[in-house]
Amino acid sequence: MSSTAILLIDCPDRKGLVAAVANLLYAHGANIIHADQHQDPEAGLFFMRVEWTLEGFELPLFRAEFETLAAGLAMNWQLELSTEAPSVAIFVSQQLHCLVDLLHRQRSGELNCNIAAVISNHEDGRAIAEFQGAPFHLIPVAEVGKAEAERRQFQLLDAAGVQLVVLARYMQILSPAFVRRYPGRIINVHHSFLPAFIGAKPYHQAFQRGVKLIGSTSHYVTEVLDDGPIIEQDVMRISHRDQVRDLAEKGRDLERIVLSRAVRWHLEHRILRYGNKTVVFD
Amino acid sequence: MSSTAILLIDCPDRKGLVAAVANLLYAHGANIIHADQHQDPEAGLFFMRVEWTLEGFELPLFRAEFETLAAGLAMNWQLELSTEAPSVAIFVSQQLHCLVDLLHRQRSGELNCNIAAVISNHEDGRAIAEFQGAPFHLIPVAEVGKAEAERRQFQLLDAAGVQLVVLARYMQILSPAFVRRYPGRIINVHHSFLPAFIGAKPYHQAFQRGVKLIGSTSHYVTEVLDDGPIIEQDVMRISHRDQVRDLAEKGRDLERIVLSRAVRWHLEHRILRYGNKTVVFD
Amino acid sequence: MSSTAILLIDCPDRKGLVAAVANLLYAHGANIIHADQHQDPEAGLFFMRVEWTLEGFELPLFRAEFETLAAGLAMNWQLELSTEAPSVAIFVSQQLHCLVDLLHRQRSGELNCNIAAVISNHEDGRAIAEFQGAPFHLIPVAEVGKAEAERRQFQLLDAAGVQLVVLARYMQILSPAFVRRYPGRIINVHHSFLPAFIGAKPYHQAFQRGVKLIGSTSHYVTEVLDDGPIIEQDVMRISHRDQVRDLAEKGRDLERIVLSRAVRWHLEHRILRYGNKTVVFD
Amino acid sequence: MSSTAILLIDCPDRKGLVAAVANLLYAHGANIIHADQHQDPEAGLFFMRVEWTLEGFELPLFRAEFETLAAGLAMNWQLELSTEAPSVAIFVSQQLHCLVDLLHRQRSGELNCNIAAVISNHEDGRAIAEFQGAPFHLIPVAEVGKAEAERRQFQLLDAAGVQLVVLARYMQILSPAFVRRYPGRIINVHHSFLPAFIGAKPYHQAFQRGVKLIGSTSHYVTEVLDDGPIIEQDVMRISHRDQVRDLAEKGRDLERIVLSRAVRWHLEHRILRYGNKTVVFD
């Protein structure tokens, strides 16, 4: 994998946007390996993701010219490098399956990031985190109170330069202040097919309602519980034979998959949020 | 396919239930081709479906003895014959895809029933219904009012001896009186993954929420809208490229499948309702 | 839906392709509503689909200039109009579910085409075809021989100006001459998850092998049986309870879906073939 | 979870089998919590799985009487206890995702077994195996030769009393002698939707063929490569954008799921093999 640059753009739709971006890249000799656009006709918005190889490409020069172009077209944009592995913090409680999964994926090269901290209100995750080389921090929320807990969490996140917070079955609700501190940079997994079964104990709710499929949803966290932009969802068939305990066990396979996909796509700069929705470029 | 008898039982769970039923069937020489049981440990209930061939089997004799057994064990039960094709009425509005599908399935032998009536508040379905040999009745609800419409519907249903009402994208809400008249004998398809997006315009709701999968649900109708026991659900992946119109078009494939499965399973006496849930024997 | 133009391109990959196409469209004032590219790094190929509205767009002028551009860049290309509904012939034998489905989809506006002929070696499909307004032609292959049958088929296809042949469970193998006459313009549905269970009786083969999922595949027909470029595939879960008959019945839902998707995508000019594979732009 | 007994039966089908088994269980006061039967009409076979609680149940007495019954009805049968955790050996090469997954599932209580040995031809799996408390053994097949390797493997398996061998992406083919030593007790995962893409490099084969879904299959190992009875299969959608590397990465999620389900169902005594197929009681 040679190193690449990724440009993510969203702006009001108008004629000539693709031409403008493509021309500038061509003028700088970019070797484009992926390009994708999307127009939302209702919202009048344009979205673009383009990725090119960096070999022989003068990025600073391009960036300067692109800034001028973007300003003229009212573009929101990010320019990212595949060589930069962001710092990630994983929050976890007592159920470890998502943590185990994410740590293994990071170690095997599937997730391009640095696990800078594993933060938990319980000791359960320490052994596997430390085995996989990730610093583990116990912050017992119930004991020290949410305010003090978040103060310590912020300290750790700041010290580690964390750019993405992953809630891997973390059973505490973050304060609005926490959420505002990491806009579009907190990913949660909710163990239901949102918007069904918002809130606590979704598998119990699903069992009571008698659904024939259970689901799982990964999403960005906003100040409204379980309401943020959905990144990925998946479902699994169940039957009348499955008790709540079976739903929870089967659902864990879904949780691992939808959470790890969301984290991966975020790290690969494939996701654009707009309003309360996401564009996921594949 | 030789003709068969199907016995459906639900009762309080206790020891010896399987033995009691199996013994009586054996004593009468039944050749069992399918048998399935289910225990709900939480509710303390026992469910059973058993199917056997009728060749050389004296059904009236068995029925008499079984009645005594069932009374002693507080069983709810039905004894059905595969040779009896129930009369079915299909209610439809202007979207015909489910009607077209059900009529073809019935004609090709997949649904063991007699389509005794197609009832609609619009003319759209007449041509295909009559082509497939099903009597079509226009009852313009908006014009005659709901009370009069239901009076005419009841008349038709009674005249045709209808045992099952299928709402195949019928865009009118039935009155509580209608629902009470056909307990556990009205099947609806709702074009969302219930309990998400209850009520009107579920595809619009799904689009607004930005879900990554759309779903469809078939269920028995109860007096609470979109709240009856779920029979079948299925989902399909969508992306940010799909507008509301695309959701509606893609969803039609789901609607056909979940509705036709529900109707088929009902006709094959595979479904037991209990509380607000279903056991579906496969 | 306003009318649109669709440009499909494939060519050797090189720098500046997106810019070249986007510039020409911009120079002509095109209002692009969808654009998608794909690079195959291994094969060194570039693929593009771009769609724009035709209101106020001078197509002949654009076409002339694009021809020059395309020649210089060794492009294969098609320029299509959404207002042109291609003529389609459906071939069918005795199983009518795909025919019923395609006819209904065309009538309800889901498939932008004209069903110019339904051709069959049996009478079964006549009634529904004629009901839906499609000319039906019986060509009894077994009786007249394959050579004579194809002579008659070619006559019908020529007379109707057929641009796409859909094999909707047509149980005859086309001659190499037939296949060569419609390169990339014959779509078949094979009732297995290709390349598993090539050839006759795939549901019997699947039952014998004891698979846990059955599948269905739509593909372009080439001279090698069941080996053409795959367009779409889907699967469904089965269990040990399913006999061959159940597989065939369940599989019909898959066949309808994968065949209708393939036909729709072809008609929407979303498919590019290369080597023995397809790019399907969504 | 109270401890339970599980009886698995297969025999020629005849009248009265359910009654005979149910009566004997009832006579001994069994509290049945699950019972399931299956008749294969074509093969003339009967299959049954019944599970009951052991509290107050005299198992030796029941076993003695059941032996007589079973002999008279030509039954193959196993009587298993949920309290007995079988010894399992996991074979692995350099790809560790299935090993990591199985070890975590065993530790979290999802798999009722004892991981008695992890055996590998590479060192890669040692760290995680030992971290999770499973003895790791390096047997470098390429170095010592297959005959010597299997001699050492047998020694380890015998010493640990291994009852089930799980091939968790073990990239060596077992000898016929090995396979015969563990009939119906070796589970493999093949990274394709069998019978498609038998043999080496299935993801490369899938990429070449241009399939739209990739699959994974868990199966019992027999002497014919990739031909044993299938236990579980699952698939995932891919697109033209996916290169071989993407297929391999996406496929790992399937491999984990189908292998862990197969191991779990085997350990829960839910699988009956017959001919080259399986009945999986859910």
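Lettered A, B, C and D in written order, each chain numbered from 1.
The rule is short, and it goes like this: a residue touches a chain if its C-beta (ideal position, glycine included) is under 8 Å from a C-beta of that chain, and two chains touch if they have at least 3 such contacts.
A quick note: this is a predicted structure, and the numbers were derived from the prediction, not measured.
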Task: Reference chain D; chain at largest CA-centroid distance - done: C
Task: B-C or A-C, whichever has more C-beta pairs in contact - done: A-C
Open item on the list: Nearest whole angstrom, what separates the Cα centre of chain A from the Cα centre of chain C?
Closed with: 37
Task: Inter-centroid spacing, chain D versus chain C (mean Cα positions, whole Å) - done: 41
TODO: Among the residues of chain A, pick out those that touch two or more other chains and give their numbers.
DONE: 34, 41, 239, 241, 282
Task: Residues of chain D that touch chain B when the two form their complex - done: 15-16, 18-19, 22-23, 25-26, 29-37, 39, 41, 237
Open item on the list: With touch defined as at the start, can you tell me which chain C residues reach chain D in the complex?
Closed with: 38, 40-42, 193-197, 209-213, 215, 229-235, 239-241, 243, 275-280, 282
TODO: Please name which positions on chain C make contact with chain B in the complex.
DONE: 34, 96-97, 100-101, 104, 108, 110, 127-128, 131, 239, 241, 249, 253, 256-257, 282
